[in-house]
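Presented below is the structure to which this report refers.
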């Protein structure tokens, strides 16, 4: 309530109580102010009432909620079902413009704020999670695979002659399809077995570059999070190779934000060599519904280039989900989840080892994989 | 959002869009200001977004929603279930204080505003519906019957020696029980058959007063809305008799707000004679869930006396429902519903007549009953 | 979904997945079955999804939600605002009938189930909390004070000549008003100072009974939960006195359910003597919004007599809140809260003692009061 | 409630009321059955209570809502925020699998049903709106532009050598970007001015095909809905040309579903010639939030090919929105909106003509554009 209305309230109900109430309102406003000013995930999570207050404030700024407004264009944020309106907090305009998914929409100041703040808060969390030097990112309402496709399509404009993508093998369908859909030919680099682990064969990567010619290679497409016995790629060395041969480097970090090791690999890779973008799933890392990803990198103009490739406005739904979730958890809540996951992983190792032994089987020794475990089963 | 936060927003998103958005916010604030200033039902209904914005504003003023607050008393508005909190818009403190159901609560400025505004808006609607000179009313989270009981209990303190309630017969159980529960002896005055209609027998009322002695009569308990062939009581004449003998007069107007005739009877009764209070159901007149009533009258101190009889705080749920409903409909929406009801009643008369004739039966001629109809069936 | 629809689903989506899904549905149904069969608070709390599924099932059974239904009466559960409908889960008909607040409504099988189950679950929780031999109770949508009033009004019919209520003094306005509103004369029995504690003066109670004559006394109105230095009344002795003189005994147990001591007193009182009813607040004991109470006792016919005194249907809102809350917490969750409160009370004693000493003051020694503490401040 | 639970209910509440209530439940089930069996938009819209009942039924079939389930994988539909869970009706798993956005998910029978039914209902509505012979479609959680990109990327695999897209000029950024992002070179075909209208220059299209060689052209990319003075492309003739030269034909029907003329053009084009896919926006045609599109066509294998190009699962949010909306409106409600739009367009023509004349300007005569109007302004 604005100060004018607060004054009228004081005539209806004892002014001392009203003043107390409006000071309480200021404490919510104060949290919102910090978010707006710093663009960071608040250290402590917000209450649901602060979050809903904030979302309502954003919604009233969108033109579809202007009282007495009557839009006659083809895209005015009209909604037929009140169930639908409510579940989106009446934020109907989506994010971005036809020119750029990260751009501001004239008809939707609130949705635009939502979009900017989400990207900013997510950037902060990526730093908190270990990639300290990440400089830019945006949330995109597409799965990890389709987001990788968008990165590859963007690179095409920089390297119009390139046809191949160098890809240390990882047995996940959507990773492979991401390249094929973009129209490129994946060049599979088989991994090497080192002890129980399947690790990047750097020699083979180099050999392929020589074979195919650096200029014909769109990028190296590496992976962090994966299932044992495969372990995260040797990102540092790959990044150095990419830097040396001037080949772009896109990292599939699908469910790696939750692992300090995966994030550390990316941080190191970017420090010593070249990483153009790294892509992670929203649902796998932030406990939100399926359907969003974060495209992040160290070079702001390139990340912007990607965001400008998305033709049209996009759904704000994944952005809304991740913003609500991060405001609810706070940085401290998110870090607590990360700690717990690590501890549970240790517990899982121990118990799986016991289980395997009890059945005369063996837990594979894959210390470089901080997420997944495998058991060797004799047939 | 306060102006400080709006300024920060202007740094994130183009300031012209933000300014437009915050002007839009002002138009919601403007509606709220008019409500606060005038305490009347707005002519045009509000959008759901204005209503929810307003309720959220009220809620943040209640101490259970103060951030960082930690109450240790027995009644701090703590809520265990978030489903419950949400469905009450986090307004948990109820209405009133132990001293008075209409009083302001120090811990709950927002709930107190809700209570005051609801009573004020409802008063306005009673005027709109035809009782122009009503001067005071309050919503009570009890059924019509129990609310009548409260009126009778209040009168007891004014007339400690009185034992009887004069009651023109009406065949509804809760009306009868309202008197018995209050500890009084109902003196049933049978109605007279005039044509097809059962109407108040005024002579019998006068005779009973003489018989019992006015000082032994707590009040006359009359009825407006009723089922045919009974018709509304002769309120004017009853009010005159009450005035003459200095006997209080309580009117059961259960589902009479929707009928201009019933409301007119009350208005006239109060003008020419004596009506101490009239009681109406919330659900039967305002399309809200069962469980609330309005106690209204023409003498503010007496209505306050009743509100001070309710021992303890009370549920805000019926007040919240009727406020949301009236803000949604607006005065114009409510009047439209009244008009439609009248038109449909006319249609019902016509069709029932046709139906009755088709079966060789007769629709009773009960022109004084504006709500209900009866068919005479030969056995 | 019924089995017919499940079969159709199997043609759309792989039948093995659908079968798994419909088995999952059965596990929700199983929880509901246990609730329906046993009428007890489930040991483990339910998930929000089970609760909402259950409430939706109840709602579709109420006639206002019958598809194609068109009610023309004055009370059909029509709702004007969808905000209001939603917040009540479309359960609009309230509870009870004009004859009895605990009765079944023909138009509302779902609301009737809600009412019956709530009363049954609450009864179970009163037993769990210590009053093992309680035999009957019902939730009433009125504050504790007004509920006590209803008890007194019921007793009037059993003791038409009685004018007085014997009341060991307790300085809470609504307790006093509960008696005055019911039309009785409170006879205040001052407490005795024993050490730091203010305790029931049993001699004075006996003397007053002799003075006034047992037949002129409506009841003894005692209190458990109270503020130090007053301590809970000597319920056992009062119950024995009441039994001996054949005087009804109503206990104000406002915020006593949370205290095993208060509940034990009631259990003991009923065992050795006479307690006709004990009344407790919903919000103070079950973390729900203000506005409901439980009237409970050991003699089912008397409790039914009270429930039959409430004239008219009543709001289902407090019943809905307490049912949702108890299903959410489960018996184990509720017991956990009771344990925590007890532990925190111990902590509070310790810290207040330290604080008092630090300021040269003294924490009053009131071991019979399990809820509240006082500090003696010299002026 | 299953029949077992209904039986238990009959012991708690009068069995005749329960039976009535459970028959009422059957009427909801009946609506759901028809939807499942026919996969069509119901003629009459559903009530919110049927819709929510249905969505809850779907949700309990998803493994994240299995009681007692404990998933340890990377994608188990865990949700951190209850605000987020609620707004998605606890349908968390998204739609599709890594292999195919239209595929069934083993972990989510409910979400899979949602996906299948939405696509089926949307297909029905496209027929209702005029493209009677459409045979397959799917909802994709991407904007129209990005969906067109996906179509182009799919065609690349069929025509690996093709570099050009023939594109009758339309001044909308995202249409142009859709081609560029996919990595193709748009060949702009300027429109011809015929009267006031800008219409497809068929001769120029033919000439370009000859110039570039049919085999080098990925497809013709035509447009229906557009701003005056441009009018919808000559789809029939373009479709004939495409058929003759064996060139694929993709139609941008962004906001054309609402116009019977645009839909008729597509229907005719497919009848006489070749249309491979037509793409429409969800928000522009169905009053839902921004962010989804429908990709539809006449050849099921090709549409499936496109759906298999999307790498990874996708957000269910746009599907959920459009399903809720169409179930709310019903086919009759949707057709009513279409009629109203047409009538309002007629009104707009009239009034704009009057306005233009009043200012000495001229409303352009663009009878082939059923959606948009232009005024000629002299400078």
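Labels A, B, C and D are assigned to the chains in the order they are written; within every chain, residues are numbered from 1.
Just so it is clear, a residue touches a chain if its C-beta (ideal position, glycine included) is under 8 Å from a C-beta of that chain, and two chains touch if they have at least 3 such contacts.
These numbers were taken from a predicted model, which means no experiment stands behind them.
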{"item": "Set of chains whose contacts include both chain C and chain B", "value": "none"}
{"item": "Chains in simultaneous contact with chain A and chain D", "value": "none"}
{"item": "Rotation, 0 to 180 degrees and nearest 5, that superposes chain C on copy chain D via CA atoms", "value": "180"}
{"item": "Centroid-based (C-alpha) most distant chain relative to chain D", "value": "C"}
{"item": "Centroid spacing, where centroids are CA-atom means, of chain A and chain B in whole angstrom", "value": "54"}
{"item": "Rounded Å distance, chain B centre to chain D centre (Cα mean)", "value": "49"}
{"item": "For chain B, residues contacting two or more additional chains", "value": "48, 52, 82"}
{"item": "Chain-level touch network, classified as line, ring, star, complete or other", "value": "ring"}
{"item": "Touch relationships between chains, expressed as pairs", "value": "A-B, A-D, B-C, C-D"}
{"item": "Parts of chain B lying in touch with chain A, wherever the complex brings them together", "value": "1-2, 4-5, 8-9, 12-14, 17-18, 20-22, 24-29, 31-33, 36-37, 39, 47-50, 52-53, 56-57, 59-63, 65-68, 82, 86, 90, 104-106, 108-110, 112-113, 116-117"}
{"item": "Residues of chain A touching chain D in the complex", "value": "48, 51-52, 72, 74-75, 77-84, 87-88, 91-95, 98-99, 141-146, 148-150, 153, 156-157, 172-175, 177-178, 180-183, 225, 254-255, 283-284, 286-292, 309-318, 321, 324-325, 328-329, 337, 348, 371"}
